[in-house]
């Protein structure tokens, strides 16, 4: 049997961490050597992570096995894992961080948005932003990947080609997310009876992803998230003004030709087109100076665990699609 | 304006208590004088109970206003309100208890099932079981009503006429309930992501409602509850053997003729026929000695708050249908 | 017993028509004298309209009883009922039309948008737009009410006070509707397996409600509808620029003080706050020249049947809230 | 590249056929050579079958390519494909039939239940019943597999070991299925607004799967199906009497040890444990002579397409788990 790389998942009991563990347990090139969860330390992981194909027992993040990994996926809450990421990097472990801690080029913005002092500005400066379709070369040699979030990825994939070509302004992102985007919760606000047959907006003018999107686009954006009564999936409706609708249309059609996981579609995509896959599909309509983009992805896959594994595939020279689903079920 | 009776709801922040408060706030014959909630003491009730038409502020159960009520609805967890019910009765307040505390004729069974010593066996002996269609006369003069539960009502209404006529045996009740039946929860087991697109059985051979059903029927029953991914409604599929299918069929058709809230239907009823109403609808099919009944109701209305208000209507001589919905929306 | 007015519903088997029939069957001031449905002619209405409290049999729209009504609610598809409305008016029946046929002041716009010739431009000019909170006086004496649609009402109630005060520009309405808004459908596009766990945008730049909103606001608007996997409810997220945020905030807070069914809320409203009620609740947030409004209502009540009955209450001098729910269940 | 077998799917636009096509398009050992759909003839399959990884255009079933296949999956409605199956077998194509047409040993029972004359009783006698865990040896050499249905598989896997050991009697199967089990529908009975927040029983005493289960068990069974408001999954609650609870418990625990897709679980399984996987998981509880089994599977995978591919894996000597998911997502 060929050599597999040794992978660890820190915070594997959260939805994103569990999804990462599931993908890695079925990945042809990786051996899962450690899953950590403070809350479930000592429990068999497959009893907590549904259908996980592994005999591993949850350990703590400071377990030595973790430090012996070729790659560690850190899926801890924002700010909770920033220091640990530094220690792992210092130990020579390549890290893919699913939190926002290393996503900002400008540490000052991060510290303002998250209200903390960044423990490792030195590393923050070196981290590679893991938006695979835009940073492949840097990702190949990266030691530390800051894996983009779900809302951000759904907006950046269609908007980056337009922003770089200076084709757009007045960007408004009206985003709708499934409930798993909020993570594993035992809180009445996320109870079935609270959310079933319901829909709401939140974080108006104040959501932490707006500054991340603005920094990457180099444009101010207005971002409003909403909570959908579904488990998985994001649909972002993006409004903007353009100085050249024709150029914008071509830029969108050409940006990702031949890419396995980012696709322009003539027909408007729906969440059911991408749920349970690692794909982001988007379409656009124009009317005079007005443009509207509809972009969809699965918040736990292309929006989190799937893109993290795609980053690993690129870092280690595997087939970029290895272990990543492209087919959406009924 | 005519005199209204003064009503209080104890434990008004739970789903059943809140539904009772909503019904009473729109009831033509009642004035809502107190709503209690330890957790929300001091908060305006209409900020917690959606759309409640009342300016009341949550008080504690020992508030004097409560003791001045003509009727108190006690919607506290099993065993938690048993003593309070006694105090209110001693003060001359008529009580409708939505818990199981006063439902058993045989206190010993209650103490075994709930693992507590009953604080008021004297009252338990005098309490009237508030299955309206069967105990109207006793309800009229009752001081204390033990309001039946949702699963129990869905089973007893079709089964009592058959059991009393000694027409059935080998009773198996396979019941499926919406999530609100579990009450207001902030527990991962009731999170949207846990229950959406899911279905499960629980309490096999051990559920506390089996002994209640058996006592009222005078027959052993096998009862298995399941959790449906919907907010409201119960459907019970009841299997039994009969010594006379023809008599059983007629008994079911005739039992509730002219009753506003219990109805035999030729076509099989669905949960959507009764959701948001105080009705219980059931139908039956027979094949040789085998019979199957399908019975549906709304667990928060005919299964809890609605039946409680129906009991109040009977106790105080109001129109039995006053303030109770009979129309199910789309 | 006091005299009730005689009411008929044309097209009572659609969702809006059925909801109107349900409301009227429980309304203290009306007697339901006719329900029409070509598809179900001869069938007992209560077998088709869940829980309807009426013994009526579906007739055809040309039935004489209809012509003897004091008021007729016409709930036919766009363009299908325009001529019939004229005949009823000519017969002296007061009409509340739930379709778009008589909503436009400018018949040319209607003919362009719906691709038909208007059969009664004479009446179109006289029809009163039934946005109750804004046209009470005209509604009182109206012979023909054009009842606003669900998307339109959710947008106009918060936006009209701002537009009339010339406080806003650059209006974008991102609206999300429950499935009942599409009406009763037997089409794979509306099948459970197509819409469950799904979400989509449609009608980008082309939806027929945009011109209706623009005409009433006197402003161009960008309107994008989306389909939510819930039965009832609309949430509209409205983006705009304002020349005076402070004035805009006060205008919204003051516009509907004391109104039973239109309410400004400090906290962001959710669909569950208004489902199964006739209320529209909205809130606003401002940041510099940018404003965002979140507005919710029940598409079948304040967005259709409920507002139609509210119009009838005003036309006939009844209590404006008669027969209209204000309390949202769990 | 190694030789792959050539596979065709007849009726690939239905849910079971589409799921089969999706599984085959990602299967390491098969090449998809033809997809047929009369309704969609000439359309690119990947425009109809979400995320299908294939450039195939839908053809008709009589297309020559089909006849050149190594294996054909026939996913047509009951009775519609029976003759075609015969023609394909005569041409030397191995067939896996997802319908009920070849499931009955006793053709007379089939003809009574489905009200048709069987076109190929000769083949019906030779067909192998494709319940993989029980017929591996016969499946290996089979020319024609009758793939069991979803309800039937959920009941037979736990019940067969008990029936063969003569341990049970009085079997009642109360089964609950997700909506995709009904196939692709454009019928108001399957509309989102009809089924959302709803639940119903159907086919009481009359469902066609009861005779199939009885024949395979060699026991009479009472079978009642119900419709759950979810897309995928079946949970069957099975009631029975046993002459030896201890032996029955061991029989269930031992029956499938080491099997990849059939598993006894100490904890009660839920639908979310198996949705999107090819697994059937079941558990049992006993109380005196009474036994209850809870069994779950995904109706489109282990209940249809997944078991069909598992049969193909066995027929062609592939790894039995090839191309079949075992991991259930959040």
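For reference, chains read A, B, C and D in written order, and residue numbers begin at 1 within each chain.
Going forward, contacts are C-beta pairs under 8 Å (C-beta built on N, C-alpha and C of every residue); 3 or more make two chains touch, one makes a residue touch a chain.
Computed from a predicted structure; not experimentally measured.
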Candidate from C-D, B-D or A-D with the same interface as A-B, over half of contact pairs in common: C-D
Maximum centroid distance from subunit B, chain identifier (CA atoms): A
Chain centre separation (subunit B, subunit C; CA means) in Å: 36
Geometric centre distance via CA averages, subunit C-subunit A, whole Å: 40
Averaged-CA centre spacing for the pair subunit D and subunit C, given as whole angstrom: 46
Multi-partner residues of subunit D (each touching 2 or more other chains): 15, 180, 193-194, 196-197, 229-232, 272, 330
Subunit A contact footprint on subunit C (complex, rising order): 172, 174, 176, 193-194, 197-202, 204-205, 222, 224, 226, 228-233, 235, 237, 239, 268, 270-272, 275, 285, 287, 290, 292, 294, 330
Complex contact set, residues of subunit C against subunit B: 15, 18-19, 22, 25-26, 50-53, 180, 196-197, 231-232, 272-273, 276-277, 279, 300, 326-330
Subunit A - residues contacting subunit B, complex: 15, 179-180, 184-188, 190-197, 229-231
